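Dropping the structure in here first, questions after.
Every chain is named by a letter (A, B, C and D) in the order it is written, and numbering of its residues begins at 1.
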């Protein structure tokens, strides 16, 4: 008994001594290859970045709750939510090495937030789970009754990808930051075919066939297809879609500022950017996408209809749109 | 007497069916953890861990090893704290006459078990949100859950062995305070202390609600790691993590059961 | 103890009555908002069904474990103890593993019929049962073990026929055990969070909505009101069933 | 109702709890089955009540074979050692249980219950829940419950085990009255000879699963067949005999007419007369020395050393004057 207690304490001591860590909210191993990126960083620097399942909105909510005693060093969001977090004053400025390579429009002038990579909202389809039903080609195809129970998009009040899609479909359907009606009307029709609104990454559910159609970042679909060799196809709807910059920022009052700055610097390095690219998120640093990976994306023509969304407006509208979505769809 | 036999046999068959219902999913999960096949959705996370049946386990230990260590530490700290507090508390409850104060204290102690775990976690978060992620707060949360087990087990043992009267008898025979503790108290409570320690370890090791809401990624526990694998990892990884969890939990439970205890409520 | 538990509870009560950024208190909104009410209703209905079902299903098993003497009885009891210490998320995962769209059971049995059951109402019920069966069985077993054979014998010598024996003696003797088991399973189902978190899908349940209010929409008053309501309901049910049982 | 049992054998895990015993309980009589714990008394009662089936042998009620009859069909009233009240019912509902399960019409039920309650003087607490009753009240209700069944016979298993001495005496007397008044056949299982003498006129003595002796209570007391029965039923002086001639025996010099056929003489303590040296001639008695003297309430219990006779006990009304006394045995003695 005494011996086992001793062993336990030793183990525990090891667990606790590893204090050279950076706490990142929203660090899902299987999203944008964060698992691979953090493992590589650990190998390079010895610094641990533990996994964290929070979606963008939850990460922001947690930062807000912990404002007076911050626990996290940094957070990763889909664009608008990260910008909203900056607007709430949850970030402190930092401009990591390589700042100038980030294209304009994908970073804050003061360094409150910046983009690390981008994705495109698309249909990720498990063809085996879809069965005999034909592949949808456009957004409106999804409203057809044959897709009943097969369509999924992330709860927009939880994660940023879901929010980007909801905002984006509103924009595509003719709405604006002040007029949500067209988007919500369309989403209400889609609701009839929705199996659930997941609050966590369902990457593996899609890969395994738990879910047939996932409205999500294209990169997740490519990874399923090329890396995990799943029966998965990516469809970029013909009637246009939106892009989604994924951003980061340093938490105001972060416990490990120096370590976090080093981490940020490294994330924009060619090495880290190429690691992100392994999961088919497009590096924000131009030219960092290796050629052999570029060929595995759909041809550029498929991406012709991709729109960029105004992040600042989206951020301002985010609370209102989330509430409206809850009232009209999520809580129906 | 003989007429009730059919009922007992029927009941035993039902119990057997229910036990099968309880066991089969665990067996399926454990088996699939050892035989990850493409059908179960082998995913990119594992390619890095190499080939073979153990790769899901290697991945889990590499990715969530810190969670496992945190859980072990947390279980050890909170179970020891619960034992340190619960031994005297349970002893005085068991030895003291059943007064109203004693009854109220016992109810207060067991209240955290009666409440939904989420309520307890939320109450802690509301009051001590500023300390979220501190190991101390996690230990406090776990002690709330483990203390009732130690207090109850020890109090029951104290009542059963009629310690109060034995102590009186020992005093009349001239035993000093130290001798009474050495020869009476410790031997009669030893089993209860062991049982409740094992139970407390099991309860703390498996507790989800409190750590899920109170832990930051820096001190994630293994149940939160399980949640992570369930929501973000592939099936074989989730199955491997569950297998590791069971491997930690089942021996504790078996030990406690063997010593005569019983977990009252999971988390 | 007071600082560790009573103070946080008091804070929770205060939070439930506070308004936050909304115009009404969390408690008011819990009962005014139809969605929150629905979540509460679902939670109550699901817990009721699960508690009744688990008591009914587990009664014969508990009887047999309490009063029978057969080989493997101790092992059987051990099996029943395992799920008690599993967190809800694990049980939720087991449900997905067995009854999900790509679950083991539909695959092994080559049937489409069971596919995806985990996410439906039936799956939710079965999964809750997985959690509550051990609880119900062991609670009833403990209570039934104290039922004396002697009373049944006495009734027989007084002329009670088998059916009368069941209704006039055995049933009244078992009733406290059943009530206690009902109370315990009801309260546990009501507060069960992990299972719901993993598989509740589109079915709003109070614990998940509570979590969502607190973590997602940052509505602390509403979350606190839900947490408090859950706790009060659970304690009330436990108290009534336990008191009547005495 | 007369109860006969023939060649009853019951084996409990390889041990014979009842070993081929036969006997009868007379109709309308009160019989005590007496013996130490483990003698098989309760087993006999459980066989009579139908709660266990004998491995061999028969039970007859008024000549009819009831061996295979189930307990609920035997129409007996059983009062158990641990009473076995239904604590979830009121006292009255406990008593009403048997009429109720027998589907006696409601008005008649009421009458029977009231009668039973009256017989045991339980009216005052009849409407309280059984679980709050005191020990004596519980005992009364248990008896009333058995009586309300209108049993063909009453079986009582150590009926006063849970009562203190005073309550035991008073309830015993009440039970005696009730049983007598009803004229019901009754069998009392007991290890306590006071209970047995107080209630029963007829004894069956059991030992190790076998019947040791059967007979009227006074008969067994004075003329036990074995030393075991002799000591079971009361304090006994057992003295070896010097010689035997027909129906006469010589005990330490004194010649007495004798019954029985044993090698020792039974002299009950109250049969020994303790006299001063002046009133007795040596040929009438034995010289003895008082070693202990204690008041037993009604009289005195004297412990004596009578030399080669060994220690003897005598009950006397007044304590002997000096330390040295004479002991005078009765004219007729019983040998065992």
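Keep in mind that, in the parts below, a residue touches a chain if its C-beta (ideal position, glycine included) is under 8 Å from a C-beta of that chain, and two chains touch if they have at least 3 such contacts.
On a predicted model such as this, the values are computed, not experimentally measured, just so you know.
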- prompt: Hey, which pair has more contacts between C-betas, C-D or A-B?
  reply: A-B
- line: At the largest C-alpha centroid distance from subunit A we find chain D
Statement: Separation of the C-alpha centres, subunit A versus subunit D, in whole Å, is 90
- request: Averaged over CA atoms, how far is the centre of subunit C from the centre of subunit D? Could you give it in whole Å?
  value: 56
Task: Please report how many Å separate the Cα centroid of subunit A from that of subunit B, as a whole number.
output: 36
Task: Give me the residues of subunit D that touch two or more other chains.
output: 51
- request: Going through subunit B residue by residue, note those that touch at least 2 other chains and give them in order.
  value: 1, 41, 227, 231, 235
Query: Tell me, which residues of subunit A touch at least two other chains?
result: 65, 208-209
Field: subunit A-touching residues of subunit B, taken from the complex the two chains share
entry: 38, 40-45, 47-48, 62-64, 66, 69-70, 72-73, 76, 129-133, 135, 216-218, 220, 227-228, 231-235
- prompt: Which residues, counting only subunit D, touch subunit C once they are in their complex?
  reply: 49-51, 70-78, 80, 82, 84, 86, 88-89, 97-98, 100-102, 145-146, 149, 155
Query: Any idea which subunit A residues touch subunit B in the complex?
result: 5, 8-9, 11-12, 14-16, 18, 21, 23-25, 27-31, 35-36, 39, 48, 50-53, 65-66, 68-69, 71-72, 200-204, 207-209, 223, 227-230, 279
- request: In the complex, go through subunit A and note every residue touching subunit C.
  value: 57-58, 61-62, 64-65, 129, 157-158, 194-197, 199, 205, 208-211, 322, 326, 331
- prompt: How about subunit C: which of its residues touch subunit B in the complex?
  reply: 1, 4-9, 11-12, 15, 57-58, 60-65, 67-68, 70, 76-90, 92-98, 102, 104, 107, 130-131, 133-135, 137-138, 149, 162, 184, 187-188, 190-194, 197-198, 207, 210-211, 214-215, 220, 223-224, 227-228, 230-231, 234-235, 238
